[in-house]
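Below, subunit A partners subunit B and then partners subunit C, in two separate complexes.
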Partner chain A sequence: MVSQTSPMLEDAKPESATERIIERAMKIYQNYILRVLLQAVLTVWAVTSFTFILIRLMPGNPIDVLVEQILVQEGISYEEAYARVASSFQFDPDASTLDQYLDWLGDLIRFDLGESITSPGTKVIDEIARFLPWTVFAVGAGLLISFILGIVLGMAMAYYRNSPLDHLLSLFASFITGIPNYIWGLLIVIILGIQFGLFNVGQLRGTYASDVEIGFNYPFISSALAHAALPIITYVISTLGGWMLNMKSSTMSVLNEDYVNVAEARGLRDSRIISAYVGRNAMLPLFTQLTISIGFVLGSGVVIEEIFVYWGLGHYLFASITTRDYTSMQGVFLILTMTVVMANVLADLGYGLLDPRVRVSGEK
Partner chain B sequence: MGKMKDDVVLQVDDLSIVYHTIRGDVKATNNVSFELRKGEAMALIGESGSGKTTISLSLIRKLPKNAEVTQGQVLYQRENGEVQDILQLSNRQLREFRWQDCAMVFQGAQNAFNPVLKVSKQFEDTARAHGWSDKKAVRQRSLELLKLVRLDPERVYDAYPHELSGGMKQRTLLALSVLLSPQIVILDEPTTALDILTQRAIIDVLNDMQEKLNFSIIFISHDLSLAAEMADVVATVYAGEIIEIGPVNDMFYESLHPYTFGLLAAVPKLDHEQDVLTSIKGTPPNLINPPSGCKFHPRCRFVLDRCNVDVPALTEDLGSHLAACWNKEAVVEARKEQV
Partner chain C sequence: MTRKQKTSDTLANDSLTAIILEIPLNLAKAIWGFLVKISKNRSGFIGFLGLVAYFILTFILPSFIPFDDEANLDEITGPPGSRIQLAVHVDNADVYQSLEDLEGRVVGVVTQTGGPSFIAPYEDTLTVEEFRWSSRRTGPGIQAALTALANQEIDAMLIFSKSVDEVITNQEDPDLKALFDANIVISNPTLGPRHWLGSDTQGRDIGSHIVHGGRILILTAVLGGVISTGIALVFGSLGALLGGTVDNVLTALTNLILAIPRFPLLVVLAGLISFNNTLFLGVLIGVLGWPALMRAIRAQVLSLRERDFVEAAQSLGLGMPHIMFREILPNMISFVIINFIFSITFAMYEQIGLVVLGLAPISDYTWGVMLYFGRTRGTLFNSDGASMALSPVMAIALFQVCLVLFARALEELFDPRLRSGLV
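What follows is the complex of A and B.
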């Protein structure tokens, strides 16, 4: 972090533009990138270590879960079932948690996430690579749509404040925000799917129909969109209200700023004032909230994906939790944490692009 | 459209403005009339709350939403002699009129520049909104103007607003105000937020600019020494009325209205800063229920019996020097005694 803000031009000694750019880049490099990287690594390490312990505090372990299942299904003796499961798993339930942790950390440093405990031979990284893109797609699309809609509607509310439109939209925003997203998921399934029969929930299992070929072709893309539509709608509905209300209040305060008044006195066109003078400034505080929202939506996505049987990372995590597949769970939590941290860094950099005042100092 | 003298660029006729509030109508401008000549600088002086800002905002139709112009017209004469009433312009005409014909530096606008856009972008925006999109030409003209206001042109032009100090921003705004060569520039207390040295610099720059570019100025100030330095004509505003108007020397040395006289009597003889406008006895009048007759009568030391009944009108005394008062003779006498 550069402690001083950019120098007043009056005080700075003359130097060429390229020199200034290089000097600036060096400062950012030395301070900003390093700081951000270090923070990111530390965050990922802390969160994953914490979840490593939490996972092992859950009742039962991978062997217990499967043994119980076999006992119910096949009616063999406990010892027999245990021996069978234990021999097929590469997992020693008697190893100390510390040993397991050090093993895992050692592998992790070599970027090795290990194999699934419950399906030996399956690499966790491959499973993640299979499921992650769908989650990123659904969550990303949902957030993007919701962010843009929220900004447009929020600005409209501010421009037409105290009109019927504003009152209606405010009511709508408070209403949709008040209901948790998994309830929205259930409501959509029950009301739209079952009551009105608008879609067949069963047919929308997975992320695309089994009879299409993956690639850049219409059947695949339309099928992928159809499968992702309900999770996306749920993400949009559950986050839209917040964006709308925040954008409204942010826009209202920007509308009182001198520079908007002066822009009108300068005879600028309304379109230019709305986009570059009001919109861009009003969006700034929402960018900070975007980073929080990304983590929140990714986390709650586990439940949403399960409700819609959407085969993303959440679905995979859910299955791993059921079987107490420790390695898979750890892998997913690691990737989720990394995604959130990365999204934060990107949003931070994006904020810097939008607000010149934070560019050099790296802080508001 | 009304007739205008050739050398007049702005003519305000019998203008009245009220603010609607829950406590009643604030009568902020009452039957105000004046003429602004081409290349002339007019100063509006008066206590805070007397209605100076209201008058100036109405000239570019930028009044707050609760304001209503109840009567009058504001005639503007283009260089080609065409006359328009600003109050009748369509939205499009108004947008074009603003800044291209009449630029305004608002009172207390610390953040006149959009913080996320470079100064250059904001100059270009202004030019493009008025149909001038040749960026190179805009840049060249802008650099000339920035130089005229004594800034390092290249550097300021490529800077973001937060990289400039308050005084630099104000000078940049002055340069921007004349980018489109308007006939009129309105400056509402342009130096109030600045320290004394910077104030001086701004006034020097303004005098320079006006000499070179020859636009008309409406200069609002409660600092009489600044007004004296800037203005050719001075108008005293009291309770939403122009109660005295005249050439700067007449106003300062031969004022005819007790209020102006009081203001000037309070000015220290040396050229020192002092907030003199608060030094007249009594409080500014309530503009929701203003005093009857002459609105100054509760505070006037020359008050006559008729003053709280009859409203004095601005009458011609010495050519272009007008004052609204029943007892000007007493003011003239009082000045003689002073000397």
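What follows is the complex of A and C.
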């Protein structure tokens, strides 16, 4: 693409500085990778600005919410409660939304997400750094396990299609995808946890037991795994069926390709055909779906983490929504949007690396 | 034109009856053909039957089963199958089997429970003595009632099966326990109406709530599905057919909305807009839910556009509406229908997710609201009361499974690639 534009540049010699800048900008725009990145940044900006406005349109502000709490708890007059809350918050409810927006944008350019409104002195970025790893751990592990399991089972279904195994697994896959993930979570809690008492629901709240020391030691790791187990199981169950069914149909279309027949005719070992010829090609479309599902699963974490009282990003987001902690909500939305957009960019750029056909047609 | 007019006179009567007969006949034929097709796909047939059952459960049964809105103190968190029983003195175990047998006798009931309303039709024929539910305040409590029964001061007592357990079997006072055990028997354990799914934290029948709680939920989900599929269909085909700026703008808008974390956005919007109407939530979900489907439909239309029959229509100079509605739409209608069903499941997912978080309207007592109250009132931790949360959970889960099974079966029916199995 770049080589196509270079003769044009030689023809039209840039005369003034502005024209040179415009040409440079056009050149940047015509570079595929840069264009994708630029679009990504613009998308993140547009989405966060949109949510910025929405968040401030929500009824009530952080001061009102806390004032109401204090009024209920302590029974003092409204003015007294308001004065107390307003003095402790660094938040001016009368400032215009535009001023707040410009302030926030100015801070954002310096990678400063500001301080939490409801707990003054706490930096939002620190809070996110505290909660995000747990969500990344639970969601990442859940998606990884279900992706691998789904690919193996989906290929098995395609290879043994129309056998009892295929019918059974298809039914199983439809069944588990149909049920919403928070329903799975509740079913696990109600049936396994409470009715059968297989685990203590109360003890598994939070992300790790309070009596262990954070670090690379056995008690911490086992406790973190035990606390994350239920969310991970829920994520695996609720996404597994989709991978299985998609992998099945993808594998079935690959099995019909000529190169598979040729490979069979060449007498290659079955294991090699399955891994290098069928599996690799059938998996390609699923990678795009994996990146899309990251955003979905992260978003649905709000409910899952509330059900299991798992202290991840979703839990933090929900808490800041209920207290109308604008800056914290804003920070979480930024992180979530960035993750989704980044996953899409990786899918766009990475697909070419994985699939040579796309790369070749892109260069034409 | 003239030929038509000639024949129309002679055929007028015939054609009218023919039309009246033919339309339902063709419809029945089409439905029968569909039933035959779907019954060949076992899991799809199960899903279809399940959806029919859900239709009967949520749209027809509510006219026959009244919504139980009466709080009953002794029926709180009754386990599935519990009902009002008849307790009598051990000497009368064989004599008093029903309320008819008790004509002219004294029957005790506990106020503020299901008993008084159950016995009301018989009040002319027998004497009703009321006891208070709690003995802490003035007046005799349920223990006093049972003591009266044990001492044969009253002849029979209406008692809820769970209270029997609590007051007789688990009686802590050893003297009272001995007295009750020796003198009181249940002569008719199946007297009152049965709570098939148990009763909730206010002693109301969960079964009736399940029957009534699905309609608005399903309608909301269908509304969300219709709106999102409609927008996706319009935008997707407009973008693909018109191309150029329209396509660019629509695609950019789609990518933008796809980048918004959808569920958290709904959470914020649910706080922003205070709903009085559950159906409004469906509109909101539909308005946000179209982008992924729009991409898929756009791709479909783009590929269909290249087919020979569309190019033939174009070269014949048939207009855009004709190409869209006569050539392209019929060829992807199955795809749209299947995705419409999937978008219903998404709308269901999102609205109930909001309810579980306590952010959606609770004015309609839907499965989601039952689940919310079941969870927040701690019935999960009470094995007798778990039905309050478990019943809506199962109702939602099975409904979603039926929808998915049905949609997958349609996919296989319509997609020749899958149907042939590619063997």
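Just so it is clear, the second predicted complex is superposed on the first by the 324 of 364 C-alpha atoms of A that agree within 3 Å, B and C clash if a C-alpha of one lies under 4 Å from a C-alpha of the other, contacts with A are read in each partner's own complex, and residues count from 1 in each chain.
One rule holds in what follows: contacts are C-beta pairs under 8 Å (C-beta built on N, C-alpha and C of every residue); 3 or more make two chains touch, one makes a residue touch a chain.
For clarity, every value in this text was computed on a predicted model and none was experimentally measured.
After superposition on subunit A, the partners subunit B and subunit C are accommodated together without colliding. Using the contact criterion defined above for the overlaid structures, shared-chain residue A:189 touches subunit C, although it does not reach subunit B. When subunit A is checked against subunit B and against subunit C, the one touching more of its residues turns out to be C.
Looking at the shared chain after the overlay, A:354 reaches subunit B, while subunit C stays out of its contact range. In the superposed model, A:276 lies in contact with subunit B only, and not with subunit C. Contacts of A:175 after superposition on the shared chain: subunit C is touched, whereas subunit B is not.
Fitting both structures onto chain A leaves subunit B and subunit C with a minimum C-alpha separation of 8 Å.
Subunit A meets subunit C in the complex at residues 39, 43-44, 46-47, 50-51, 54-55, 57-59, 161-162, 167, 170-171, 174-175, 177-180, 182-183, 186-187, 189-191, 194-195, 245, 249, 252-253, 255-256, 292, 295-296, 298-300, 302-303, 306-307, 314, 317-318, 321, 329, 332-333, 336-337, 340-341, 344.
Interface residues of subunit C, counted against subunit A in their complex, comprise 42-43, 47, 255-256, 258-265, 267-269, 271-272, 274, 292, 345, 348-349, 352-353, 356-357, 371, 375, 380-381, 383, 386, 389-390, 393, 396-397, 400-405, 408, 417-418, 421-423.
Per the touch definition, subunit A reaches subunit B in the complex via residues 5-6, 8-10, 257-259, 261-269, 272, 276-277, 280-281, 284, 354-357.
Residues of subunit B touching subunit A in their complex: 60, 62, 95-100, 103-104, 106, 108-118, 125-126, 129-130, 152, 155-156, 159-160, 162-165, 168, 173, 176.
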